[in-house]
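Below you'll find a set of structures to go through.
Shared between the two complexes below is subunit A, which pairs with subunit B and subunit C, respectively.
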Partner chain A sequence: MKMKAQYYFTAIRLGLKSKTIYRASAWIGSVTGIFGLLIQVAIWYALLGAGARFDTTFQTMLTFSILMQLSNAFVATFSGDAISRLIRNGDIAIYMARPIKLKQHLFLGDFGRNLFAVFLVNLPVCIILILFYGFTIPPDWRTIAISIIMLINGMIILFHYRYILGLVSFWLIQNPFTSWGFQNVESIFSGRVLPIWLYPVWLADLTQYLPFRYFFYEPIALFVGKSTLGNSMNSLLIQCIWLVIFVALEKIASHFALRKLIVQGG
Partner chain B sequence: MVSLKKYSGTFYIFLKNQTLTKFQYRGTLWADILFFIFGYGTQFYLIFLLVGKFGTLGGWTQYEVMLLYSMSILSYTIACTFLMGLYNRTPEKIRNGEFDQTLTKPMNPLIYEVISSFSAYYTIHVILGIVMVCVSFGLLNVTLSIGNMFFLILVVIGGAMIQGGVLVLFSSASFFLIGDNPLVYSVFVTLRLLNENPISIYPPFAQIFLTVIMPFAFVSFYPAQYFLGKNDFLMFHPMLQYLTPLVGLLVLLAAAALWLCGIKQYKSSGN
Partner chain C sequence: MIEVNNVSKEFKVYTRPSGFINTVKSAFWREHKIKRAVTNICFNIEPGELVGYVGPNGAGKSTTIKMLSGILTPSAGDIRVLGIVPYKQRMKNAKNIGVVFGQRSQLYWDLPVRDSFVLHEKMYDIPKPIFKDNVKLFTEILQMEEFIDQPVRQLSLGQKMRANLAIALLHNPPVIYLDEPTVGLDIVAKAAIREFIKEINKMQKTTVIITTHDMTDIEEICQRLILIDKGQLYYDGDLHFFKQQYGGDYVITIQVKSNSINPQHPMLSVVEKEANRIVIKGNSAELSLVDAIDFYNRNYEIIDIGIKESSIESILRDIYTGSIQMQQ
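After this line comes the complex of A and B, so read on.
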């Protein structure tokens, strides 16, 4: 048990270290990563200014955008690209021989890298934005607690989802599911750019049958007061169902992927 | 004349090889095309939804913002067709010493890098970009005269030279920052994102930055005003709407000169 914890810790440390070796690079890379948020802030300020439209204020959208940015920064994962690369160059064999599973290794490595971006860049910029423009805090602790639980759930579901897409690389060497185009399609169903409460009814209804809105939209909508506690319990249940589906799919896909694997060279 | 023949011959060989390599996985190719169409379609629809819902964004209507986006994408994809390979591969080549091979080739290293990394794959994006520009003009009910069409082509080429010039400029940073060149991965994407909205929504320092220092505003914001008859020139002169081709040429030439200067900083990793 102690040994395993040590391996986990080492994987996180290596992920973090990969960001700190080339410090200038890591800093510039992380700083530019936050620009997406600043562009969003500029757009919402231009659209809403000091007033409220469609029952939405600038402060609501700022809170929404900050929470969305931080959540995505925490689970930014390149596991799909990493698996493709490892298969292409044969390094996948080394990872199979390691004492922790490939999935755990990629998850912990990503987590280590993301800690750098979240704590040293994203969080300070978000705090400055909050100091300037304010932040919407829910009136009761239960809403905050359930939002946090749902956010953590969403992060676990998102990682599994991306990992499953990455596993497609075992069958298709050039994996189209890691492409920019596919991620864009996801974004419209996830409510990441534009909150789903501003969507037309038909599109908002459609998103309920897909997993994407349950990653981060539902917990953040609850936090900013665009969903009720009652609705959120329902969303929490749906999150759990998606989690079970993705964990099962990941197990099945991993099982068949390993059978498919042929490592070239020696 | 002999040089031109040599370069075009070499380019043809590389083009053929790159095309055959990229197009060998047919299933993936079709899946990619499908996702590109959905990807651009999604962006278009999000602009339509967001700006349509609120009326205007910084004084620009939904179709006008869609035109900004599509002009930016078209010139970006043209730039990528020629220069994305250089942009992606140079840092790695410098880090592992593979750049030695480029220096031993009997031609200008920059031209060699460009023609050896031409990306035929991006032509799919270029076609989609053309479609988006046409759709945007159609939605705006703007009919272009022959002269304006010619100017639009010049603007798109100028925009491609600006974005391509910045790609070359950032790629040259790899000669100075041996490590993982972050400029290659994220700064360019950020600048491009800024350019997909009317720059009038940004604070004045960002407007000056995008006009004077990294002139991305010339890619779509200023020239689009000419085609739409708008007058949103911020603190700058309306003359800027005509300058995209000239700015593009200057940016590309300056970037190429810096890239070639950067070679002097190159120290092979050795073997």
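After this line comes the complex of A and C, so read on.
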């Protein structure tokens, strides 16, 4: 157990270290990554200003956008691209000959690399925004606790979801699910850019049958007071069901992917 | 230690017909055929053996190594490495083996070699003293002092290969698979790697299976040869015996004191002849090399002699081109 923890720590540390090797690229990538948040904040400020529309205040939207940005930055995963690349160039053989799970290895590396963007760019910018415009904190500690639990759950579900999409590369070699267009579909149904409480009813209803809103939307909606603790317990249950489904799907897909594996290039 | 029984591996290969109509058709339906990479291979390897696994391109060497490593699942047959079925217990098997793929790297491209070693230490739960001793030992034998703290991307091919070999052995695996470990290396780097492999086998009794197209690797490292072609096993046995059985040709250059030399032995053929120098060719199945030399020694006063026996490379070339027919 201790050795396993040491491996996790080392893999995360080396992921972070590899990100800092190309400093200029890391800074530019991280800074451009925060532009989305700044643009969103500017739009919400222009739309809502000091007042409230659609039962939403600017501060609610600022809190929503900051939490959404940070949650996504922690689990910005490239495992789909990574698996696709490993399959195409045959380097998957190296990973399969090691006493580790590919999923673990990719997650730890991504997590380490993400720490750069989270701590050196995202957090400082978010703190500045909070200092200028404030931040909505729920009055009830139970709401905070459940939100955090749901956020962590959401991160695990999101990673599994993207990893399963990555496993498609074992069958298709060229993975269509890592494309920008497909990620936009995920973005719409997850309420990442526009909160689902602002969606038309039919679209909001549709999102309930899909896993995407349970990544981060539900915990953040609870945190900013757009969902009640009672509703969130229901969402937590659905989140757990999605978690079980994705973990099971990942195990089945991994099992068959290995049997399907063809190492390209000898 | 390693048991391979009736192992076969099939792949689905999609055909790609040419022409516009066929290209459009292939967007909806593709035809495929089944390619057998390995067919009913059987062999057993004992602890500490040094085995050369050879064959022409596409013979199925790398496929076998990948099945032994647990990377590929056999279509049929049974494989056990130290009692473990590799593809069923991939991670447990991985702890017992070291793998070097000559055309791929285990090292972190952007980070110094030492960082990859440290990650490997944690990944394989290597006890600290063993890790420290091995890093020190391998750094010394493979002369890695000058580049162990350099990023991998700045290393030459030979340096990368030395580091890859070292990392594959850091956890003291009882078995190591080397898939073309000397490909693309210069003669100095090749010699260093061959010495290292022999040294590790001697020190730790590591079982080594090596696939290569450089037959000097085989001649210098291996005691046993397994030859496959088109996925089928053609030879499994002692390397020396293989040379005797399928080679046996020799060429002798003899220079004598007298001004005239006349070959008379019916079992020897003349390749080249000058006044006091002759180049003759024979085969040890018909006349042994010792007897051939003795024949000239009895009739002439020899002042210089040169002997060239058929190499593994020349024998294999003859086998691959069909000049020597082998039975399965």
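Assume the second predicted complex is superposed on the first by the 263 of 266 C-alpha atoms of A that agree within 3 Å, B and C clash if a C-alpha of one lies under 4 Å from a C-alpha of the other, contacts with A are read in each partner's own complex, and residues count from 1 in each chain.
The rule we apply is simple: a contact is a pair of C-beta atoms (placed from the backbone, for glycine too) under 8 Å apart; a residue touches a chain by one contact, two chains touch by 3 or more.
Quantities reported herein were computed from a predicted structural model and do not represent experimental measurements.
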| said: Contact-wise, after the overlay, does A:I164 reach subunit B, subunit C, both or neither (first, second, both, neither)? | reply: neither
| message | If we overlay the two complexes on their shared chain A, which of subunit B and subunit C does A:R98 touch? Say first, second, both or neither. | response | second
| Greater subunit A contact set [subunit C / subunit B] | B
| message | Per the contact definition in the header, classify A:G90: touching subunit B only (first), subunit C only (second), both, or neither. | response | second
| said: I'd like to know which partner A:A42 touches here: subunit B for first, subunit C for second, both or neither. | reply: first
| message | With both complexes superposed on chain A, which partner does A:V125 reach: first (subunit B), second (subunit C), both or neither? | response | neither
| query | Which holds for A:M150: it touches subunit B only (first), subunit C only (second), both, or neither? | reply | neither
| request: List the residues of subunit A that touch subunit B in one complex and subunit C in the other. | output: 21-22
| message | Help me check something: in the complex, which residues belonging to subunit A touch subunit B? | response | 21-22, 24-29, 32-33, 35-36, 39, 42-43, 45-48, 53-54, 172-176, 179-185, 187-188, 193-194, 198-200
| subunit A touches which residues of subunit C in the complex? | 11, 62, 66, 69-73, 87, 90-92, 94-95, 97, 99, 101, 103-106, 108, 110-111, 115, 118-119, 122-125, 151
| remark: The residues of subunit A that touch subunit C in their complex are 3, 6-7, 9-11, 14, 17-18, 21-22, 90-94, 96-101, 258-259, 261-263, 265-266
| field | subunit B to subunit A touching residues, read off their complex | value | 25, 27-28, 31-32, 34-40, 42-43, 45-46, 49-50, 53-54, 57-58, 177, 179-183, 185-187, 189-190, 193-194, 197, 201-203
